[in-house]
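Heads up: the structure comes next, in structure tokens.
We just call them A, B, C, D and E in the order they show up, numbering each chain from 1.
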Amino acid sequence: QQQEEPAPQQQAGDKAPTPEDPQLTLATTTSTQDSGLLDVILPDFEAKTGYQVEVIAVGSGAAMSMGESGDADVLLVHSRAAEDEFIAAGHGVDRHDVMYNDFLIIGPAADPAGIKGGNDAVAAITQISESEAIFLSRGDESGTHKKELSIWRAAGIEPSGDWYNSVGKGMGDTYRMADEMQGYTLIDRATYLANKGNYSLEPMVEGDELLFNPYGVIAVSPEKYPNINYEGATAFIQWIISDETQALIAEFGKDQYGQSLFIPDAK
Amino acid sequence: MTVLFKLSNITKSYGERQVLNAKALEIRAGNIHCLLGPNGSGKTTLLRIMSLLTPNDGGHLEVLGEAVNWQPSQLLRLRRQMAMVTQSSFMFEGSVYYNVAYGLRARKTPKKEIQQRVQESLELLGMSDFIDAPARYLSGGETQKVAIARALAVRPRVLFLDEPTSNIDPSSSLEIEQYIKHINQEYTTTIVLITHNFFQARRLAQHTSLLWEGHIIEEGPTRDMFHNPQDPRTRRFLKGEY
Amino acid sequence: MDVIGQGVKEGILLILSLDPELIQVTLLSLQVSLSALLVSGLLGIPAGTFLALKDFAGRKLILNIIYTLMGLPPVLAGLIVFLVLSNRGPLGEWQLLFTPSAMVIAQVLLGFPLVAGLSARAVMSQRQEAYDTAVMLGATRTIAILSIIREARMGIIAALTTALGRLIAEVGAVMMVGGNIQGKTRVLTTSIVLETRMGHDSRALGIGIILLILAFIIMLLILKLEKRSFKDDSTIQII
Amino acid sequence: MDVIGQGVKEGILLILSLDPELIQVTLLSLQVSLSALLVSGLLGIPAGTFLALKDFAGRKLILNIIYTLMGLPPVLAGLIVFLVLSNRGPLGEWQLLFTPSAMVIAQVLLGFPLVAGLSARAVMSQRQEAYDTAVMLGATRTIAILSIIREARMGIIAALTTALGRLIAEVGAVMMVGGNIQGKTRVLTTSIVLETRMGHDSRALGIGIILLILAFIIMLLILKLEKRSFKDDSTIQII
Amino acid sequence: MTVLFKLSNITKSYGERQVLNAKALEIRAGNIHCLLGPNGSGKTTLLRIMSLLTPNDGGHLEVLGEAVNWQPSQLLRLRRQMAMVTQSSFMFEGSVYYNVAYGLRARKTPKKEIQQRVQESLELLGMSDFIDAPARYLSGGETQKVAIARALAVRPRVLFLDEPTSNIDPSSSLEIEQYIKHINQEYTTTIVLITHNFFQARRLAQHTSLLWEGHIIEEGPTRDMFHNPQDPRTRRFLKGEY
């Protein structure tokens, strides 16, 4: 039932030299924290580089506005279009792909919309809207929400009605609500796997290319905010796209769920 | 004459200290009964026990013919026949009217009658002009007068007066005494009066009890007590007369 | 800093826009908080008065527990009500989760200890004379106790305004059991959280300003009410 | 429902485990809330007393604003402090964001109106006689006012316990300006939110129970303090 | 003899109602000056203005040789030479000791001396046994005695007494009168006394003023006032004598 709290790894032996400014603020989406990924990989970074990472877990939107105001040094987010805008506006530099996971549509075992087993997201949501089965939308302009909206757009549907619930919450909370309301929702695999023991919803649709969810890392622009820790951000980026870390990411979740939660894809 | 209050061996202690130990006391219907005694001798405590505001520790208490069992229903029934002017004359926040009408409202008297009775009572005490004044702004004597009016408004069978004219000017005081006598005679209202004014006691009371450190050390017709006190302490106390 | 200025501007624009969604959210906020305040008051004032006046074994303990529950985290209150009302919970059949009723229930859990605890304090600071005078004038126990409450009204109104403040500002509980569903259970505070999560700081501030204006108006009404019933509104003169 | 039972169990196990991380989180909770309470008290009691006693133009308005600010949503308080302390904000240079100091500042924004408003109420309900007696005995204004505060202590302690309850339970503000950073700004309430987000309901409940036990102990201490200074702790006798 | 209080055309209104209009009043150092008058005639109001507790609306007020400007520093300086027993004898929450020591603590008297002076004052009033009792539980008369002890403890130059023995038993009352006389003669303490007890006024006061609906309608040596009142209202009022 209970998810094991991942114990921070104690790195024995060689101590890393302490950097000039060891405080590094990472603004990220709740999914990386709530899934437990950061608890597993960050100790490795801290041990190797001597940085101390402060994790602020918020929505992708808030994470980026934190970067915009210079309140974070480095971002780990998943909202591709917004990320590009962010770079274009000069708020950030050094964007790299880190990993991806995928989304799936989950729903109640009774499956009132009859979509179970398919792999066509557009067809599935069309059916959900036609049968007016309960659907929960994150509704918070998060990466997940934007993904959902893009699928509706692809289906040519403007979702509205009593069956369409825009809940304005994080993924974990939305999952909880969907379970209570026995409704369908779009969820990232990491959150789904981490919590599925607690709830009864089942996977309905997965494997559609539309459901691909890339995470990127961005350093906040040192030109805009000279007092941010750009050096640390660079170290973080170098570390997270390094082969060793990528391997760590690939391993994460395998022992517990039998599959990786995130697929590394740094180039 | 019926005995309205019958006390035997009534005791009351606060902490270690016994402040009241009344062996025997009877108060007869239609009487004006005065309680005298030095400060702290237990007069107010005794009055509070008779008016069922403070439970006694030991002894037997009979009020208006009933052994007191301190059940709410009994208390309400008995208290509805009493009224009291306390030493501090507490006023509820609100107007003089609100305060004087309080007891009548509690008895669900019709509004018309309340208005009439309040006006009547205030007039008797010469306080009609203050009917709409906030009760808490009254002067010391005015407050006491309103407290008396408030007690009279309910036309009680028994009236407890704890130093009711201590802050009232002499001429008003005499008028009030007249009125106390009047209701005692006209409506046979029984009155228990605490006072430090010996003249007032002599003018009003048929009976007097003298308290001393919680004990009733002398009791009898008021005239006898003043003319021929038995206890040396009574004699000493009454010499403080002015 | 200009975000704050912009927030004020956005707040005014929001009010002027008469956006139907915002009106609906505002009305729901009012409805939920005022209902919870009403229930908290109806339960809390008698409970507080009882605890202040009735001496029984365990009274102190209960009072201390109530004072402690003033520190009940809204999220925790929300979680408890969630678990009780959840499909798997004992009252799951009632199907109340994610409805305004559930939000009211969770808020009562927060409002009741506040009203009860502060009312108990207000009543305790009254004087014996008030009760004595009342019963000697022939008041029943109940009426005498009501008179004490009347004398304690300053403190009790303070209890109600404090509770209102807490309830209208609270987000943890309503978020948990209401679910912040657009058009259904979204209220002002959950909107603020949502807007900040989306990084819309000035809009969040704007909604916050609406909420504060609302709170201001209600406080004025409550205080008016208090004034109307008592003319002599004295303060201590410092000379 | 067994989640609640399990939550209680987990709470006890958590306490017994003496988990160093939990201890650190608990201590930080205490430190932040008590510091904020201290500052709120040091500012709020004098401010409330001043507003209660000093008659000046605009006094009523300020009092009403303070009553209104009792309804300041924690998220909003958090947001405002966030904007002020943010790198782009006017005090960005202080580099306070995501530190316990920022959390204290945001909580003072919540605690101050509560303490000031309730203290004002408590002082207002005192009687002119107290002041008069004090100054006629040769007290300076200040000492006379301190004596009024002493007479009003029941209400002022109620103000402090209420504020403590609100601060220790509050999550919106500390989450916003603290950021819930593990080992640095994570406190009990933000832990509860995190655990519920991860679906660990019974652990969330367990932490909640620890928080309530803590609140209970502090309330006991505050009330003990109050008792020690005054022996005659009378209640009204209802007979 | 110096004039300690000099009032001319002092007025005070509450709302529409003028409750005080004192054309002229002088109180001389070393005197015992009595204020008489019916309830609500403005005695307490006048005393509160002289003791600088209530600002007057109009007129000119001189206290201890200074024109009053109501500045905090002046108020403190003047009040430090006064003490007062109010009609309601407010007690601070706390023990009798706490209350009696209050004025001494305010003056930063050394602790040793405070203890001694408190004990002395309480002894004079016969209240030594109550030194540790909670002041709010005292009986009416006991409270008044403590209030007197509290005022005496600071050894004031001017002592205001607003019906100070209204709840005190006659023999204690006489003792207190003796003591008032004593401090008046020994320490030349000036005393302003309000009382409804004409005997007390005659025993204590050299001078008396009579108030009537806010006006001082008669003023002079006490003896003259009682033997040969000028105003018909004074005569009527004093006939209420008992």
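Everything that follows uses one rule, which is that a residue touches a chain if its C-beta (ideal position, glycine included) is under 8 Å from a C-beta of that chain, and two chains touch if they have at least 3 such contacts.
Remember, predicted model here, so these are calculated numbers, not experimental data.
The chains that touch both chain C and chain E are B, D. The two chains most heavily joined by C-beta contacts are C-D.
Set against the Cα centre of chain E, the chain with the most distant centre is A. Greatest centre-to-centre distance from chain B is found for A, with centres as Cα means.
Put simply, the C-alpha centre of chain A and that of chain E have 81 angstrom between them. Taking each chain's centre as the mean of its C-alpha atoms, chain A lies 35 Å from chain D.
As a whole-number value, the distance joining the C-alpha centres of chain D and chain E reads 46 Å. Averaging Cα coordinates per chain places chain B and chain D 49 Å apart. The residues of chain E that reach two or more other chains are 53, 75, 88, 137, listed in rising order. Residue positions of chain C touching 2 or more other chains: 127, 130, 135, 141, 193, 196, 201, 234, 237, 239.
Of all residues in chain A, those touching 2 or more other chains are 170, 173, listed in ascending order. Which chains touch which is summed up as A-C, A-D, B-C, B-D, B-E, C-D, C-E, D-E. Listing the residues of chain D that touch chain E in their complex gives 127, 129-130, 132-141, 143, 147, 150-151, 230-232, 234.
By the touch criterion stated above, chain A contacts chain C in their complex at residues 58-59, 61-62, 64-65, 139-142, 165-170, 173, 177, 180-182. Within the complex, the chain A residues that touch chain D are 2-3, 25, 30, 33-34, 36, 54-57, 69-71, 170, 172-173, 175-176, 194-195, 198-199, 225, 227-228. Those residues of chain B lying in contact with chain D across their complex are 52-55, 70, 75. Residue ranges on chain E touching chain D, taken from their complex, read 48, 51, 53, 72, 75-76, 79-80, 82-84, 86, 88, 90, 92-94, 102-103, 106-107, 134, 136-137, 150-151, 154, 160.
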